[in-house]
Each structure stands twice: as C-alpha cells, then as structure tokens.
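Multiple structures follow.
In what follows, chain A forms one complex with chain B and a second complex with chain C.
Take a look at the complex of A and B:
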C-alpha cells in the first residue's frame, strides 16, 4: 500500500451512516407508473422516440441522445406510454415486468468500438452525481494517455451508503466493470480509494481482488475525512497528483469512476441490460425502515418514502443527495433519476435550519477547512459585491462546492449558496458576451455584403455608361470630378486580401485543434473578409478603368 | 572656482544630450512607422464593452461607429441597451466621469416577434435588420430568428402594417435566475421554518 498523501483542509461531520448501512440491500416494489425526465444527465436533453399509447418493455429505448454530450433513455417498467411532453415521458405499468435485453458481449474479445457503442446504447452516465455520459468519458483516451483508473469508493458524505452496499454485494462485478473501462482507456493500473469506515466493503473487495485480471488492482484504504471523495482530493490523496485548475483528471493521466457506474457498465456489457435502475439510500430519522434499495428510475419519491414507512408528522424536509452538497426537495411529487443516490427524510431536530446569518468576523476558520486551499472569506466578500474580476482572481471556479466552509462558519453564512449564485451569474455573463460577439460578426458581415453589392452596382453602371459612350464616340467630360485615389484603393485591396488569408488561417487552425467545436462564427468572419475583398476588387478595377479612360482620349 | 567652470564641459554635455535626443527620436520614429496599426486598439476595447445590439439609439449606425465616436470624445451615456453597467465599464476604461443614462433603461432583454398572419411580405423589416435576423421573401411571410435577434427594434418603424411586437426573450428553465431575497420588512426573528415543513428560504 503506498503511503497516503494529503490534501489541505477537510472536516469531520457526524457520519450517521449506521441506520442505512445495517439493513440489507433489497429491491423496491415495482412501481405502477414511472415519470422519466428527458434530462437525467449533463449536456443536451434526449429526444423522445415513442408516442402516447406505445407499449414498451423494460429496457426499450424511449428517447435518443441528442448532440454530442447526451444520453439515451430507456423504459424502466413494461407497460404503455401515457404521456410524452418536452420535459418527460410517463409510463403506466402492466405489472408483467417484461424485459428487452441486448445480446451479451464478451468484453475480453469485443472491439473498442463495439464496447463504446454498447455504453452509448445503454444510456450509462456517471452515477456519482454529475451524470456525465460514460461513453464520452471513455473517449477521453483519444486526447490524453490514461495511466490509472481510480475507483472512487470514498463516499465521504454523511448518511450516504449506496456505494458501500454496492461494493459489499457486488465487489466482483464492480471490479469487472473497472476492467472493462481499463481496457477501453488502456489504463495500466486500477486503484480503489475507500474510506476506513466501510470495513465490510473493504473485506469483500479484498476477497474479490484475488482473481481479478488482466489489469492489476490496488486497494488503498484512506482515513475518513470529508471531502476525500472529491475527484481532485482523492487523486491527490491516492496518487499525489495535482489536477490543474480548470483541467480534468485526464490531464494527469487519471480517470475516476464511481462503483455504481462500473456496476451499471458491467450489467450493460455482460447482461445487455441498460441503465433502468439504481441503488438509492433511504435514510433519515423520519423513516421507519431505512436502508438501500434497488429502485427503478422514474419511481415517485413519495411512493418510495411511503413504502419505507415515512412519518409525515415528524418529517421536516427531504434532501436529495447528502446533507453537505444535496438539495432540499421542494415537492415529493418528483421521480428518482439516474442522479438520485440518496434521499434523507430528516426531522427538524436532526437537520435543523441554519440559524440567522451574522456578519463575517473574519476568523479564517473557512480558510483552514477549504480542501482546495481557496480563501472563502474573500470569495464571500467579492461574491456579495459582485466583483467578478476579483472572484476570478481568487479562483472561484476551482470551488468544488463541498460546503465545508459553510459547515464551520461561526456566523452561519451560507457561503456555498453565494458561490453557486456567483458562478451561475458569471456563466450567464459569458454566454451573453459570446452572443454579443456573434451579433457583432453578423453586423460586420451585413456591412461587408452591402458594400460589395454597392460596388457591383457601380461597376454595372459604369459598364453601361462605357457601352453608351463608345458608339457615340463623343468626348465626354471626365467623370472623375472626385479625384480617383488609386493608391488608397490598392492599400485597401491588399489589406482585404490579408484579412481573408488571416481568417482562413484561423479557421484552419481552430478546426485542426478542435474538430468538434462550432466554427460558425469563424466561418462568418471568413465570409465577411471575402465580401470585403470582392468589394475592394471591384472598386479597384473601376478606378483603374476610369483612369485609363481618362488617359486615352 | 574657475576650474569647475569650463565651456568645453557645457558644450560637450549639450552635445551629448542633443545627440541622445536625436538617436532616440529617430528610433521612436522608425518603430512607430514600422509597427503602425491601422485600427485603433482603444476603439476595439470600447466596442467590446458595448452590447452589440446595433440598435442605433445612440445616434450612430451601429456599435462600432459609436465606439469610434466615444474615442473622439463623445458622451458615454447614449447606450440604453447597455444601461448603467456599460456606462460604468466605459468610464472605468477611459478614466472618465460616469454620467446618468440619457434615455430610458431597458428593463429586460427583448426580441422581435412577427405576427405571421398579418405580415404582407414587404421585406422592409429585412432591409432594416442590422444582423440579418429576419428571413422571408417578397410577398411571402417573414419571421424572426429568435437566437440571432438583438432586440434593437429597428424593424418596428418600417413595418407598414405594425405586425411586429417586442416580446421578452424566453429564458430556458436551466438558465440562472437571480435569487429573490426576502423582503426588507422581514426581520431576523421572522425567519422560522414555514408551516409546511420545508424551509423555503434556504433554496
């Protein structure tokens, strides 16, 4: 076992994992209806490919991925589609639970493309929280060499035990899933990072490690501390590598996956079973039978909690995710999605609302616990003042929103709320800025087009005049009352030519660097330069003609 | 005393300094000629701060001409779509005094919308649009490409049948909206959990 390195900061909140980790993993009852949102992943929402009244089986594709970063969506129960809207698809179950599975694939002999296509078809996304499509993540190897695959089993947030139970029950399958990803990315090592508060999972993994091949798997047990499950923090802890600011783990040759995702990958490849269910932790003081359940996607949160024996009079709030980073649900009439890893039905005493906020006393406690070594008190100051330049200088976008600063703040300032708001605001500003830039280019293109049209009109007029002049053969007074500035026009022509060349070069360079990027704006700039060149050419030709006609008579 | 005063010393000093002046002057002249820029970089910076709606409310035909005019000393406060934020950014950039906005500030981003059944297909709005955001042909219905429209309302006046409306730009649900802060009359002790259970002020 390599020595564990360390990331700065961190906190030790009460774990409260016992309630859900002691019960065994069971299947939640089959729901009679499901609501499947079209966006359960990062990127573009999927496009429905079923209509009202269609009958579907478990695993039938009901919405196709749309665009580059997106994911397929599958029916999670068999039955009839009752509603298709722009946001979600509702399916009424027939209770038969008929399956539609893809053929089984042997990942050891299957080709890369075949495996990627299977991940794509099966709608696998990262189940840890971000929901990034796995087939896109696996294609990172096209740009970066991957050396190590990290299985992020730290599960550092209080209450959540979904990964713990996954590893206890399916250690072999998770490691097999890791081998599949290692094969796809040519990773040479697999490292499992797990916190020492999961002894049963560690034992199960150790037994499963013995017969894992071909890539060697290493198990590293790290001390429990929040937020060691953060991607960057775990990579620092396990491998002593620093992921650069604004970069990805792939920049340092590492890929990180959650055990739940690896299990889903294994099911998709070996069993041909798309992502239609996931393990969800149901916990909190207001639940009579806490524990982990296999839940079909789209199951109503309300039904799930009812089944687990929720005490409505004691219930104060339901948090989706963990208590540090999760969000309090505004309504229980919402479905379980690919990203729901935990539902905490909390009583008022268990997770009391934060006391009223007091002014910052600049104690520096937040600075001590920040795992990214930021200065939360300064960020708080600038976020409230909306001082965006300062926020960027203090690396706001490196904040992982772990909530450690809010947790220790003696003034109970909701720091992370401020940061999230500031980040969203700055992102929106960036979008608006690119829109303005785009409008500017369109305006310039229009101006260039009008100039070209005007020049063409002039050229036609002149040609007509010249034709009329020749047969009559009368000496017309020189039309150039305004002095023809040949030299100026020649300079303008050369400049237009140079700008076309420059635009072409930029376009070619960007297209080579990143073929997937949208080139519309650059293409428009090139078109603008070409229009300008045409106008300059016409004007120059016209001026030359005028000059020669002046000299000839 | 007389030792320290010599004509030679004074003349050589004057000569050396004059020589240095000539050399550096020549150097500066050559460099400014060699690395001459056709465009004015300050105009580019001013243009980048303007909202690029190309609406002409400043009295100039587009944002770039206004940027050039500002560089020549025109007032900073003639851009209603940019509002106070743009005025302050420009004042910061140019080291000038920020003035109050000349005209009414726009409360929200808008886009043009053509009531298609009323459109007679005259193409007048197409000619007026500074960013080519209206598509259509003579005697055929026109429509506005929402994503490209800058909300400049230059198409409203030329329309002979008044079939163009300025509507608020639709924001997708996923887009950030400012958090509504509790009203000022709420005092700290009022911030109790709502009777429904969920304490909404945290969200």
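Take a look at the complex of A and C:
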C-alpha cells in the first residue's frame, strides 16, 4: 500500500461498478408527477407553504425549513400541487418545465452571510447519505477553526458510481463548489480523496485542478478498500488525523463534503438553481440499461426502473444505497429523494440472502476487518444479552455500521442489525432517563418557587408586625428556642449564590459548545437556583431584621 | 444491514475470504491428517481406530444430547464440530485405547464440556481437553502407556475391542513417552548419562519428532488457509522455547533442551490444534497473544516442576479459566478514543 497512513481493518468486496460506470450520464425523462417527502434531510421536517391547487414552477419553494436543523424544499417540476399531507407534497406536471431561478451570485465577491443564505434558500443538504443541511455545516466555523476541506470522492461501496460520473462530467464545477465552501469556512487546503478504481475521474480532476484558485487543491489517490469512504476512515487515510469518539471532523479542523453536494452548491450559487435534481446510479443485474441519470427529486422509483428496462421476473429486491449499508426497499412506490444515490435492482443470484445463522465461535475475523478496531464478536455477545453497560464499555457507539463484520462472518451472523437494535434501545433508555431527570428539575423549580413565595409572605408579615409594634412599643418576648439561626441562614445564602453561579456557568458552556441542543432544562435549573437564592436572601434579611429588633429595645 | 456476504459472493474475491464455520471445522479435520498418518505409521493402526471410534462417539453423543435438548440434529451435526472434537481426543490417546476409555472421554467432552454449556460457541473449556484431563486423572495407567512403535497389530486392536490394555505387556519404562522417561530419570542421573543409557526403545524419540513435524505441517496448512491466526501458536511456542532455553542454559544437566520440549509430547499438536480453538480462547488479538504466552509458560512449568510429564491439556484448561479476565483487559482502543482514560471514563482529553 503506497499510503503512509492507514485505518485498521477493511475488506475487499467485489466492486461491480463496471455495469453502471460504462454508460454515459443522461437525463431521466421528465416525470409526469412527483411526490416530495417533507423530510429529505436530517433534523425537523419542512413545513408546507403551498396549498392544493397552487401552480408552481421548477425551483419554487413548496416547504420552508422548520427549526434549526432543517431544509427548504422546492418543486422539482412545473405544474399544479394536487395534494399536501403532513408527510409529503404531490405535484402534477404540466410538461412545460418552466423554471424559477434565483439571481446568479459571484461567490468571489459575495459576502459570507449572502452565500450562507443562498445555501439555505436553495435547500442544499449533504447528498452522500446523511442529508445534513449544508448551510448549518458551513456555520461550524463559528465554533471550530477549519483548516482542511476534504472532498470525499472515495465512493468505496460496491455498485455505486454516482460520484465517479459526477467527477467525470463536472470536475471543474465540483472544485468550484469546494472553493465556495472553503471560502465560507476559511479552509486553507482542499484535499480530494479518491479510490484508484476511478481512473477517468482522476484524470478529469487532474485537468481541472490546473486552474483552480484561490485555495490550493490536492488530489490524493488511495487504494480501493471498503470502507475508505467513511468520513473518519478517509480523514485518517488522507491527513492522519483521528476524529475523536463522539466528535465531528470539525474537532480536528476538517470538513468533509461529497462531490454531488459541492456540485449542487455550485449550481445554487452560480446558476441560482435550487436542489431539485440529483445524479442517481441505476444498476443491478435485473436492469437492461444500467447507468447514471440526472433524476428530478420526487420521481417514482418504479417509473425510473421501468424506464431503465427492469426485468420483473428476475428482480429479487431493490436496494436503495449500496449493498453494504443500503436498505432493501419494501415498496417501489417510493420517490427518489435528496438522499437516493443508488438503486440496485438485484437478482437472487446476484445478492443472495445470507445462509442460516450459525453460532459465533469467536474466530475473530470480524475484529480483523473492523475499521474502528472494535471487538465485534464481543459486542455481538453483549448485544444479544442486552448487557448495556458492557456494550458501552466495548464502545458500541463508535461503530460506524459499515457491515464489514457481517460481510466476513463465517457464521453469517447479521452483526450490524444487532448493533443497530442495541443502539436504538440504549438511545431510547437515555431519552427516558433524561425525561425523568427533567421532570425532577421541574418539580424542584416548583418547590423553590413555593419556598420563595413563602419567604416573601413571611417578610410582608414581619414588616406589618414591625409597623404595628412601633406605635404600641410592646416588645414580644423571645425565648432562646425562638432564636434564629443566623449563621445557618448565611451559609444557606452563600450556597444558593454559588449554585446560581454554577448553573449560569454550565448553561453558558453548553450553549457555546453545542448551540443545537435544547437548553430548556438547564434554563429551568438556573431558574430554580435563582428562586432558591431569592428565598434565602429574604430569609436572611428577615432574620437580621428580627435580630436587630430584638437587640434595639 | 449489509446485503453482501462473503459466502454469497461468487467472484474471484471469494478465494481470499474465510470459509463458513462448518467448512472451517472440516479444514481443521483435514489438517490433522498428516499428523494422524504419521502417528499411525510409527505407532500402528491403533491411532486410526482411536480416531474413528472417538469421532463416532462424538457424533452419536452430540446427536443424542441435541435430541434431549430438542434442537435440530442434522443442521447442528453438519457443522462437524463434534467430529473434530472426536478426532482431536482420539489423536491424543495412546494407540488402541480401550473402547470404554474413549467413550468416557467423549462423554466428558461432548456432553459435559460442550452441550451442557449450551453447545458450539458457548463452551468455556476446550471439550477435547476436558475429556483428556478426566481420563488422565481417572485412568493414569491406561493413559501413560504408549506401546512402542509397530507392535500393535493385531494384538492392540483386539485389546481395544476387549477393553483391556495391549496384551503385549511392556515394562513401564519402555512403554513411556520420551517426556515421561526424562521426567522420571531421577535427580541423581545427569541428562547426558540418561541419554547414554538409551532409555527409550529404538526409534521412539525419532518417531515423536516426526509426529511433531507432521502436526506442524498441518498447522502451516491452517495458517495458509487463514483458518487460524498466527497469534496463539506463535505466542505459545515462543514462550515455551524462551523459557525452556532459560532453564536449559541455567543447568543443561537436569533440564531438557528447548528442541526436546518443542518436538516431543503434544507441543506442536497443542499449539496448532488445541490452543487455537477459538471458542474457548481469548478473543482479541492482544488477548490471544497473552493466552498463548500463558499456555507456553504453564506447559514448561508443569512439565519441569509438576507431577505430569506432559501438560498441554492442563495448560490449555487453566488458560481457558483466565479467558474472561484476558478479554476484559485486552480490549483494543477504538480509533478516535483517547489514548489514556484519565479522570472520568469516556471523558475526552
């Protein structure tokens, strides 16, 4: 291996990219109707802003982003809105393909805010699979200094060639998109990581690199090995940096983008074209004309496969995504979304179901291929036993679910399925625990409020008594047992003051570290501490008053 | 989940992949053939009848227990693990051992050590070595008498069926293994004097060496086919040789040479076929190294200072006991996890 840096493990599954990489990139026919789900990105679903019967053009906003992590949604064909539900919007096309474009922006002269707003308006999300809104990702510089932008063109999963074709056809545009992001993030370097099984894309990039500026772009060709396209694995391979567990690439000054996303960013900025279509790989033995297509979002998978000549009698399953990490579609009556990078119409011979599961004999083959250096055999054991303490001790949450362990398992154990189940179970438990914790905090706040109100009442009463006492000038006899514990109250007051300070500090720190997180609970804790402080102040003042009134006569 | 499985991939890449569990077991059985063939060349057909008898017991007992446990019989038997346990135990016993001895050993191995713990994948102890140890402790006479080469047909086979010791009665020393003989040479006798008396019947030492090399050949086949990893055999043989060398250098007149330890007894058989049982061994690579080193150290310690001439079974079982501890302390650090966990666990540095 020529590379100086490496991640552990990895596998060499058959690539099967030839089938789709040979054909040229073409436009899929304009669909007569589209169904656009409101959630095609991570975070909150978008909120529809059109009603039934509205006529829309390609690029009209049909749903607005909702909340912090969300993304706009645009009509991908011109026509009439026929249905708006809580989950999706359906548009009937008029066949005219009329466009609504935003004005072109010169990114070299445009301001940061202007560019961010353009990404936001255009509904750009990560097209590699996670669908994280790009304008939020670009704002990471507000918290972390970014040194390097990595273009993740490894495309290590078998079958998929969407990035390959993107780079072969639009090398300059992708690099321009990278320059835009580099400008937004003040990145000093751009590094392209690409596997050596894409010679044409590498050549295209090398030619495009010549006149790329202002940020220097470096092309690094890495040996083909799954999963070198994993964000952490690629960063390790290219830059020899370890993204900390539970952290983001930004923690080590790196930002990762997929070529498709960068192309969409370039289109959004230069051409004012929002994200309404993407490149999708159509492949698999059950398809007569495999290849890559520009597909309008919302196009039915069924129509797309029909058009590519799917052989229904040979078809066994359709996989969305790659064969290692993708999902088998339950129904073909589903639209292409921003996240659909590949559709594999597989025959039974091509991707047979796994043989019957045998017991784990702890052969350790999974350990040899794990790219994170976990012990999959032990995780399997504890996942089946639901031993959550052990699972966390063995770092279950560092698992990237690449499926290398399942691939090599001689006992055909669906290890990744076990891990996903265990992860979602533990997450659910954590949410429950947080909820209980929050309920406790709300109760504490109520107690504190009541205590403060009681203290206020006492203070008023004392003031009244003092007023009554003065004219009559009668001294209430105080016994020693009645004597107020001034020292104790002073300590309580100081403690309350300290806890307010502590709550303020925690809130400030968390808000700074992770602005995405809901701060309600911490605000509540701060309010509780403040109520307690007020109550303590009142009690202390009252006690002092009493003492002085006792001493003065 | 991944739709691609190494077993389901019908490409050239398949050749480099690990075969499924059942064929893993079969490859181990195939790899025992050179050792078994060499043994039967030197010690007679009693070796082969041992192996066949033990394998038959293994399969029959496994089927019987599976039936009692109401588990699918054919599917489970198909993994060949019971067959393998039989072959390994059969190959460890003195040639033409009485049938009931083999039967008792296989009951301990398959029924007690394996199925009562939950079957394949769940046994904490190496089944064949549990059977062997039980026999060694309970029937020492039968277990320590190795008839000298080429004297077993037809008397030996007849003895096996009748369930008695081989009829050609031998004095205890001449029937002993080289390790046994050397162990009982007595402190007064120097090693050089001992060898000068030609204590073993002719060819015995040579026979054991050839058998050891045949096991080594099988082990190399397993390594080449990626059925076993190198960690355990290398660590075990390495620690054995290092410790034996230290002992030998300290007093060559009383301690056997490293080569003697390496090539006689069950060292190489144990290193490649017994200690490498993945189910009862430590699981991580680091754990496997520690596990191997532990077996090697225990082996030389028991051979030199313990009451038994050979100790592969004891060493393996003792290290099986340590596996949970080794597993606990040999968890590799995943990429991205901090190097040292100072302060609270999970806290990032």
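Following the convention adopted for this analysis, the second predicted complex is superposed on the first by the 445 of 553 C-alpha atoms of A that agree within 3 Å, B and C clash if a C-alpha of one lies under 4 Å from a C-alpha of the other, contacts with A are read in each partner's own complex, and residues count from 1 in each chain.
One rule holds for everything that comes next: a residue touches a chain if its C-beta (ideal position, glycine included) is under 8 Å from a C-beta of that chain, and two chains touch if they have at least 3 such contacts.
None of the values given here were measured: they were computed from a predicted structure.
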Touched partner set for A:437, first chain B, second chain C, both or neither: first
Contacts of A:246 with chain B and chain C, given as first, second, both or neither: second
First, second, both or neither for A:421, with chain B first and chain C second: first
Touching partner for A:505 - first (chain B), second (chain C), both, neither: neither
Touched partner set for A:328, first chain B, second chain C, both or neither: both
Contacts of A:356 with chain B and chain C, given as first, second, both or neither: both
Which of chain B and chain C A:457 touches, first, second, both or neither: neither
Residues of chain A touched, compared between chain B and chain C (which is higher): C
Which superposed partner A:446 touches (first chain B, second chain C, both, neither): first
Partner chain in contact with A:407 - chain B first, chain C second, else both or neither: second
Chain A residues contacted in one complex by chain B, in the other by chain C: 317, 328, 353-354, 356, 414, 417
Contact footprint of chain A on chain C as seen in their complex: 1-13, 16-22, 24, 75, 79, 119-122, 229, 278-279, 281, 283-285, 288, 327, 331-338, 348
Touching residues (chain side chain A, partner chain B) in the complex: 315-317, 327-330, 348, 353-354, 356, 414, 417, 421, 424-425, 427-428, 436-440, 442-443, 445-447, 495
Residue numbers on chain B that touch chain A, as the complex places them: 38, 47, 51-54, 62-64, 130-133, 148, 150, 175-176, 178-179, 188-189, 191, 193, 197-200, 202-203
Interface residues, chain A side, partner chain C - complex: 7-8, 11-14, 158, 232, 236, 242-247, 317, 319, 323-326, 328, 346, 349, 351-356, 358-365, 367-368, 371-375, 377-378, 393-395, 398, 403, 406-412, 414, 416-417, 420
